[in-house]
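So that you can tell them apart, the chains are marked A, B and C in the order they are listed, and the count of residues begins at 1 in each.
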Amino acid sequence: MSEDRLDRLEARVQALEDELAIVRLVAAYGPLVDAGDADAVAALWAEDGTYDVEGWQMASRDDVRAMVESDGHQGLIAGGCSHFLGPAHVTVRGDEAVAVCESILVRHREGGFSVRRAGANHFHLGREADGWRIKDRRTRALDGSVEARDLLSKGAKGEVW
Amino acid sequence: MSEDRLDRLEARVQALEDELAIVRLVAAYGPLVDAGDADAVAALWAEDGTYDVEGWQMASRDDVRAMVESDGHQGLIAGGCSHFLGPAHVTVRGDEAVAVCESILVRHREGGFSVRRAGANHFHLGREADGWRIKDRRTRALDGSVEARDLLSKGAKGEVW
Amino acid sequence: MSEDRLDRLEARVQALEDELAIVRLVAAYGPLVDAGDADAVAALWAEDGTYDVEGWQMASRDDVRAMVESDGHQGLIAGGCSHFLGPAHVTVRGDEAVAVCESILVRHREGGFSVRRAGANHFHLGREADGWRIKDRRTRALDGSVEARDLLSKGAKGEVW
């Protein structure tokens, strides 16, 4: 009987580990991208993971690395910025998971700081041999668009975009 | 002896599950309210749960749903906004819990984004048959008022308002 | 065999408890410092813990308490402010841990709210008899400085400053 109880308890511990691993992964994105650590940011994605953010379509880990190394992003961090992501809400289903959070982009310019954007972030993740990776991320500005609102609602219900 | 150890370990796992469930519940509020998903927001509250936010007194799940469906809130999200809540600090005591977090409201207007408010959020939660629900939430602007500061201090100590 | 399995499972539960305890500790800082609760803020630090933030060098729990009680900080919270910290990314290694998060400082002035600063926060923590405490915290403005970016990158990799 104890072995059965252990099996059930182990499954509950595994569920907690999965959820925290994904919360941790999402919590790493902002610090790493604002540090300009291109390899570490890219490693959050699956090899063929995608990142669809307004005006930018990335279709691989290499594309994500190139985004961090781009003049546009390097200019942002040289001036000072924070890709400030809120706490992720995570839904795990076996080897797949969905996470959602809101975010703001704060920029430093001319000695002051200001909010340049608020966004909706939807992550579809997959379990790989050595941990969770982002399969698809979609980010939209919270400017009233139905698409951004759908990302939030679906994400909080654990639905894939 | 193993059964005793299993009992103790199971209680520790239950405590982790409770804390994460409440962290997840609070992390769902912003995405759901900015999506305008009235039913899903309302479902975070107990049937007779309350939400006391400056200028608005809600005394039931129906009242919360009506707030999301109101012209005021619908106007906010049609223009674009983020009810951006920080990570919740949670204290669980049996079937009751207290959570606290700060929040900012970011609005999109005339093509730009700005912070319109910073707030203190105190949640008193209860365990129901199918999970945790908000019994009472109180939110106050961080404008220097003693009341807002009390919410933060009491919340971080796990004290009910 | 069951005792072995229990041992391994207990170690996994302990790891989850450690991570959540540190996430919770970091989540308490903003609410407590904005409440002006000097004793509770100080208690987050080890007796000889340090806090190095631009223009301020604290080298003990007493120094942290004095910062909260200072005219500068009391003026901030009397006017209204939010030291809004994002979700902490935590790496635990035995009895030591590293946490990192970004933060913004929002101030209330003349009836409005605005972002006054975005920052990088690196925490080095230690396990004490009754829980985790901050040994060293370093905070730098995200104004493009290499130092702030190093804090973020090292923190997200679990490296001590």
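Keep this in mind: a residue touches a chain if its C-beta (ideal position, glycine included) is under 8 Å from a C-beta of that chain, and two chains touch if they have at least 3 such contacts.
As the structure is a computational prediction, the values presented were derived from the model and not from experiment.
Matching the C-alpha atoms of chain B with those of chain C calls for a turn of 120 degrees, to the nearest 5.
In a homomeric contact, the two copies may use the same or different surfaces; for chain A and chain C, under half of the interface residue numbers are shared, pointing to different surfaces.
Centre-to-centre separation between chain A and chain C, using Cα means, comes to 22 Å. In chain A, 2, 6, 9, 13, 16, 20, 86-88, 104, 114-115 are the positions where the chain touches two or more neighbouring chains simultaneously.
On the chain C side of its complex with chain A, the touching residues are 2, 5-6, 9, 12-13, 16, 19-20, 86-90, 100-102, 104, 114-120, 141-145, 148-150, 152-153, 155-157.
By the touch criterion stated above, chain A contacts chain C in their complex at residues 2-3, 6, 9-10, 13, 16-17, 20, 23-24, 26-28, 30-32, 34-37, 40, 77-88, 104, 106, 108, 113-115.
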